[in-house]
Structure formats: structure tokens, C-alpha cells
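Same chain, two partners: subunit A is paired with subunit B first, then with subunit C.
Coming up: the complex of A and B.
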């Protein structure tokens, strides 16, 4: 196969995908212009595109982005420290794991974010509510993946450590933790994603803080193109965040 | 028959009180006692951590009120319709994407990357499209569960044993027969897993939407308890919600597993 054919094969699908998206938006634009879709319900895609700069410049989006990023960072630090800490404790104390692992798994399937009104009472309408809520929602995957990673350490590696007469602390830092790190990172990544989703969601719901509040604000002002633009912006940010963590995970796996 | 000639260990009576049960009991008791001490200590504002009897009373009152079941029914209705709509759309999308490599390369990245974005931000748009009533909540549930179901079905399609597909083709099965007789049974596991994840996010999407704008449903009961600062009721409804959600999740997992045993 010629080089050109290979390039064509490689680029054809993404081009078709992107082309269909553009085609869809054009169709929506035309349908709105001829009046088939109510423009007070769905704004013109061109209007949405135009309002991007307006939203970015007038709504102080950088500041809002930093607030959301800061809340995410705080939640993820808590997640990492407590998630790995609890996971390690569960792994070291077998009885604790037997007793509580199913509880953590059950916690992962409960809609914890519904407790946000409770957190409003406990922590007030503040960044702390958003951080604590997101921390709690992201915690179970980190705990579960830490336990999984540590228990999947190969017997051979543990025996090597034993034959070198490592103390249990050395055994943990030199053998168990490095071997479990890629799996633990999978958990941290899941936790981070849950945290990001919930930071934005709680911001939106309690109308406080960064990007989530922006969407609520614009919706309450009935600035439709602005709402659509802000939604696109938030989605873009979470996609970028998702891609970065995915790359990091792949890198960590290939390095480990 | 297989047991003949093999040494079988006599069934041992399992000790009634294993150390695990003991530890669990201790943890639960410690949590309850700690809660009660915190409640009566006066360290926190009154009713932020209400005493246990108050929470228990609220729980009984909640579960014995007709109102609760009316709201529960309303929410279940919304989630079920959302799950059916989003699930069917996800199933069809997953089948199409999973069966064609070109389409998968063209469109799957969009699903894959938009899947983990926060869905609740679409709620203002859904209100515009479907109104502030049940429509927008159903739409939230449908949008939420569409992504995990579509992605799981697509992934499930790709891991089907090629032999099964060849068998279907050699019987000249039409697309509908291929889907119902070959594809869907062969990918029961990813489909059920997608459904489980889908139910989880549809539940969250619908209930969160109800806490934002509505006058019915369990999400409304939660936010109403908050707005009237009825903390025992807030704790009670949250307990009920978590138990229901965990139960539904376990049920789907169990049903998925039961199918497997039957087939063997």
C-alpha cells in the first residue's frame, strides 16, 4: 500500500466524524433560520460560536476556571492521601478488609452526591462543601484500586524482598507500593474524574464558585447562546483533563 | 455421582460469630454511639447531627407516609422512562459502532470523551427543550445513561467470538436475527454491566435535576427537607435513597449472574 493510501486510511475516519459534526451544526443552523426549530429554544450555532469570546472576556472565565481547578486540586489531594491511606490499611489488616471492603463497594454505587444539601448544612455554602462532596464521591475507587493493586503484587517479588530480609516498612516502600502504583493510579484517575464531575455539578446546583455557577448564572439570565457556549467550554475542559490523565496513566504503565 | 470415591469434607457448622461479623458489629456500634454522643454533646448546632431516636422516628414517619410512596413512584417512573429511552438509543448506537470499524473510528472518540463529562450542566438546556416538569428529568436520565450503555455495548460487540458470528451468517440470519440470536446473547455481560452503570448515572441525573427544579419526586423531598431545615427527615430520606440505589445495583448484578448459572 502506498504512503498516501495509508495516510488516507488513517485520516478518513476522523475527518468523516468531524465532517458529520459540522454538517449537523449546519443543518441545525438552516433549520433555525427557516423557522423549523424555535430560535428561543435552540440558539443559532453561529451565535453560540460568536458568544464564546464574549463569555470568555465578559464573564471572567479564567478566574472561574481557577476556582474550579483549585477545588478539584484540593479534592484530589484529599482523595489521594485518604484513599491510598485507607487502602493500605485495609491491605495490611486483613480482618478490616474482610469486614469493610463490601461497604466501600456499596458506597461506590450509592448516589452520594445527593447528600449535598446535608453538606450545605455542615460546611455552609462555601468551597468547602464542594471540596468535601467531591472528595467523598471520588474516594471509593481510590480505596478499591489501592487494595486491588497491593494484593496483585507478584509472589516472586514479595519473596525476593523476604530473601533480602527487608523489614516490613522496606517491603512496603520498595516492593509493594511500586508494583501497585499503576493500578493505584487507575483508581486515582477514576477518583479525579468523579471529583471533577461533582465539583462542576455541585457548583451548578448550589450556585456557588466557578464554571458550574457560570452556567447556572447564564441560564438564569436567559442568555441562551452564552449557556450553550459555557457548556461547550466546560465539556472541552473535562475532555482535556480526561486526555491528560489518560496519557499519564499510559505513561505510568509503560514505565512500570 | 462425581462425589463417589472422593473424600468429601464433612460440612462444618460455621461459627455463628466470626471475627468479621464481630468487627462489623463493633464498627457499626461505635459509629452509632459516637453519633449519639456528638448529638447530645451540644458541640454542633442543634439538629445538625440529630439524636438517633429522632432520626429513627423520622425514618418511620417517612416510610409510613403515603406522600413518600407517591414521590417514590414518580421518581421511579422518570428513571425507568429515561433508562428505556437512553438505553435503547445507547444499545442501537453501540450495535452500529461496534459492528463497523470505520464508524467506530469516526464517532466513538466523541462518545468516549464526552461520556465522563458532568451531565447536570445540560439541565438548563433540557428545561428549555422539555419543560420544568417530568420531561426534563427523564431527558437528564436518558442523556446520563446513554453514554455508558453505548460504550459498553460497542466494546461488547468487538469481543464476540468470531465463530458465533460465522454460525449466524452460515444460517443466513437477517440483521434482526443476528442482533437478537447472536450478538445480544453473546454480549450479555457487557450489556448488563452497561445497564448497571447506566442505572447508577440515570439515578443521579434524575434525582439531582429534581433537587434543582421540581415539585415532585424523591429529589424534591431531599431539597424540601433542607429548605425547611428538617434535618432528621433529611437524614432519613438520604438513608432510604442510598439503600434503594445500592439494592437496585446489587439486583442487576445478581440478575446478570443468575443468567449465567442457568446457561451452564
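Coming up: the complex of A and C.
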């Protein structure tokens, strides 16, 4: 393959990706301008683009971005540590698993965000409320995927461990956990997604903290282009966290 | 050699093994009174039709399965549970997908607490022994099935077992790869003077590799015959074209044929029976 072909192959997907996004936004712009979409509900993409500088300069976006990112980080660390811990405990203690796995699954589908008044009473109108709620919302998938990953460890790999006379601790650290890691990371990504949505939602609901509160403020002021610009920063956080988990997984794989 | 003398010089003694499993229709005797010895540096193949309890025997000797009668002794010492002198190579793909080739092979050394530098050095010797030089840093997902089985074999060899116990390690590979890997096994066995016990259902593989072949009967698995294979050593896969090789294959097939067809009829009867129950 020629150098040009290699370059084309490398850059074609992102170029087509950005191209189609641009095309979509242009289509929205046109549809709004001809009146097919109500401009009081969806602002013009060009106005959203123009509002970025305003949102960045006037609304102290960096500070808010960091607040939301910090809440997400705290929630994700909590849900990783407790999710894997509880998952491992469920896997090791059969009775616990049989007794409680259904509860965890039920919790996964419960609209926990509606319980925010309870959390306000428990933790006050504070970052702690946001972190705790997001942590709990993101917890079930990590627990369930940890159990799934550990249980799916192939019998023959466990037998290899037995044939080398591994202790049960070695069996866990050297075989079960590394074998389950890819599945556990699926759980962490899911949990992170739930937690992230929840962080912004609770900030919005209790009008406290980072980007969620900003979106609330801007909506109150009926600054729709600003709302959409702020939402772009929320997306940026989710991108950052996904890159981090991906790096972490790769690093753990090479370290295992 | 008289039996008592053979047992005294043997490194592995399997004595009167009986294994019963509970089933819905009562009990099933999988293995019935199986005894044999393996001498140091000997290559013994155990061959039998599907359902003769080969894998059960593998798990019993490897110490993964308990609840049997009789005993297994290595170097005069009765073993129960997994034993450091027996190294197992499994039929299924058993490399660790999260470790590269050299780390897979160094695994038993890591468990034994050998420092990282030394265990990598030692593992490299086994990497070359199975002919995977240059693939040290590759992951199993980047290797072919035959290469992965070689990694598993090298990993077991790295634990330097007195007895190498293999359960159809090449069963999932194509015939040509299997013959070539057979060469590799012969070469390694010669180099290490490795006592080897191979469980297989493949006649050519057994004749190509073994000094003796133990033929088992269909359910319950008993020793039907032990055949000495007097083919010259060092051997390569070229031996398959010799006349003597053909004679051994024919002889073992005539023993096995009856057992295998008994197994087939039994399977059909069971399938029919299950069908009647459903109807």
C-alpha cells in the first residue's frame, strides 16, 4: 500500500465522522431557518456555536467543569471499589448471591433519582448528596458484571491453577480476577455512564454545583444556545472519563 | 520384566483404580480396576474409544478428581490431590489470554516465587524448546491453535514435572499440524528424558509417539491390552510411512474397533431411549 493510501485509511473515519456531524448540523440549521423546526425549542446551531465564547468567558465554565468532573471522579472511584468488592463477596459467598442478586438487579432498574429529597435530608444540599446518589445509581452494573465475569472464568483455567497447586488467594488474584477484568470493565463503563448522567441531573434538580446548575440557570434565563453549549461540556466530561477507563484497562492488562 | 520388579522401578504406579459416578439410572462405573506402571523416561499412551473414561483417568492421576478406589503413586509416594511432580496439559485451550507467551510460560515459576528476571530467562529456554522464538511478547489471541497448545505445553514443562500428563492436547488441530507437533513432542521428550503419559483417541498419534500403548475398553473402562511399540528412536513423523507403523496401527484398530462400535451402539440406544421418553 502506498503512503498516501495508508494516510487515507487512517484519516478517513474521523473525517467522515466530522463531516456527517457537520452535515447534520447544517440540515438542522436549514430546517430551523425554513421553519420546519420551532426555533424556540431548538436553537440554531450557529447560535450555539457563537454562544461558546460567552459561556466560557461569562459563566466561569472551567470552574464548573472541574466541580462536575470532581463529583464524577468521586462517584466513579466509589462505585469501582464498592462494586467490585460487593461483586467479589457475592461470588465467593453463594448464599449471599442467591439471597441478594435479584435485589441488586431490581435496584438497577429503579428510578433512584426520584429519591433525591431523601438524600437532601441525609446529606444536605451539598456535593455529598450528588456523589452519593450517583454512586448508588452506578453501583448495580458494576456488581452484576463483576459476578458475571468471575463466574464465567473457564473451568480449564481454574484447573490449570489447581494443577499448579495455587492457594485460593493466588487462584483469585492470578486467574479469576484477570479473567473477569474485561467484563468488570464493561460494568464500570456502564456504571460510569449512569453516574455521569445522574451527577448532572441532580445538580440540575437541586440547583447546586457544576454544569447541571449552569444548565438550570441558563434555562431559567431562557438562554437556549447557552444550554446547548453547556451540554457540549457535559459530553466532554463523558469523553474524558471513557478515555481514562480505556487507558486504565489497557494498563491493568499489561500489568496482569 | 516381572510385575513386581516393574512396579519397583516405575516412577508412576496406577493401581486398581475404580471410579463410579451416581446417575439418574443408578450408578455408572466409568473406570473398572485399571492398573499400569510408567518407567522413568518412558512414553506411555492410553488409547480408547469415546466414553471409556480416559478423561476421568487423566483427572484422577492429575489429582483433580477424588472419590475413587485404588491408588496413584509417584516415586513410591501415594498422591492425593494435585502434585508438583505431575504436570498436566489439558485438551481445551488453556493459555491465559491476559498474559503474553513468555509470561504464560513463566507462570509456574512465578507461583514458585522465582524473581522476575530469572523466571523470564528460564521461561525463554522453554519458549525455544517448543519453537516459539520471536513470539515471546505476543498474546494468545495473536497465535494459532497449534501455537497456543505449544505455549500450554511449555508452561507445564517450565514447572519441571517428573511426569508430563497430557489429555488429547492436539485433538482440536488438523492432521498435518498434529503430525508436526508430534515431532516436537518427540524431540522434547528425547531432550529432557521426560516421562510422559499421553491420553488420546488417535491411533496414529499414539503409535507415532509412544513406547507402549495401553488400549482401554468401552464403558466400564478396563485395560484391554498393552502393546509394546518397537519402532526405532529417535523417531520423527516420517515413521508413519513405514510398514511396521502400519502393522501397529492395524493391530490397535482391530482391538479398538470392537470397543468403538460397542460405544456407538450404546450411544444410539441411549438416544433412542431418550426419544421414547419424550414421545
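One rule holds in what follows: the second predicted complex is superposed on the first by the 187 of 256 C-alpha atoms of A that agree within 3 Å, B and C clash if a C-alpha of one lies under 4 Å from a C-alpha of the other, contacts with A are read in each partner's own complex, and residues count from 1 in each chain.
We adopt the following convention: contacts are C-beta pairs under 8 Å (C-beta built on N, C-alpha and C of every residue); 3 or more make two chains touch, one makes a residue touch a chain.
Owing to the predicted nature of the structure, the values given are computational and were not obtained by experimental measurement.
Engineer: Should A:117 be classified as contacting the first partner (subunit B), the second (subunit C), both, or neither?
Structural biologist: After superposing on A, A:117 lies in contact with subunit B but is clear of subunit C.
Engineer: Is subunit A touched at more residues by subunit B or by subunit C?
Structural biologist: After superposition, B is the partner touching more of subunit A.
Engineer: Tell me the contact category for A:5 with respect to subunit B and subunit C: first, second, both or neither.
Structural biologist: A:5 sits against neither subunit B nor subunit C.
Engineer: Applying the touch criterion given at the start, work out whether A:179 contacts subunit B, subunit C, both or neither, answering first, second, both or neither.
Structural biologist: After superposition on chain A, A:179 lies in contact with subunit C alone.
Engineer: Regarding the shared-chain residue A:169, is it in contact with subunit B (first), subunit C (second), both, or neither?
Structural biologist: The answer is neither, since A:169 touches no partner chain.
Engineer: In the overlaid three-chain picture, which partner chain does A:253 touch, first (subunit B) or second (subunit C), both, or neither?
Structural biologist: The second partner, subunit C, only.
Engineer: Is A:160 in contact with subunit B, with subunit C, with both, or with neither (first, second, both, neither)?
Structural biologist: A:160: touches subunit C, not subunit B.
Engineer: State the interface residues of subunit B toward subunit A in the complex, per the touch definition above.
Structural biologist: These residues of subunit B touch subunit A: 19-20, 23-24, 27, 48, 102, 104-107, 109-110, 113-114, 116-118, 120-125, 127-129, 200, 203-204, 207-208, 211-212, 219, 222-223, 225-226, 229, 231, 234-235, 238, 241-242, 245-246, 249-250.
Engineer: Which of the residues in subunit A end up touching subunit C in this complex?
Structural biologist: Residues 154, 156-157, 159-160, 162-166, 170, 174-175, 178-179, 181, 253, 256 of subunit A touch subunit C in their complex.
Engineer: How about subunit A: which of its residues touch subunit B in the complex?
Structural biologist: Contacts found on subunit A: 12-14, 16-17, 20-21, 41-42, 95-96, 98-100, 106, 109-118, 120-122, 193, 196-198, 200-201, 204-205, 212, 215-216, 218-219, 224, 227-228, 230-231, 234-235, 238-239, 242-243.
Engineer: Within the complex, which stretch of subunit C touches subunit A?
Structural biologist: 62-64, 82-84, 86-88, 90, 92-94, 96-99, 107-108, 110-111, 159
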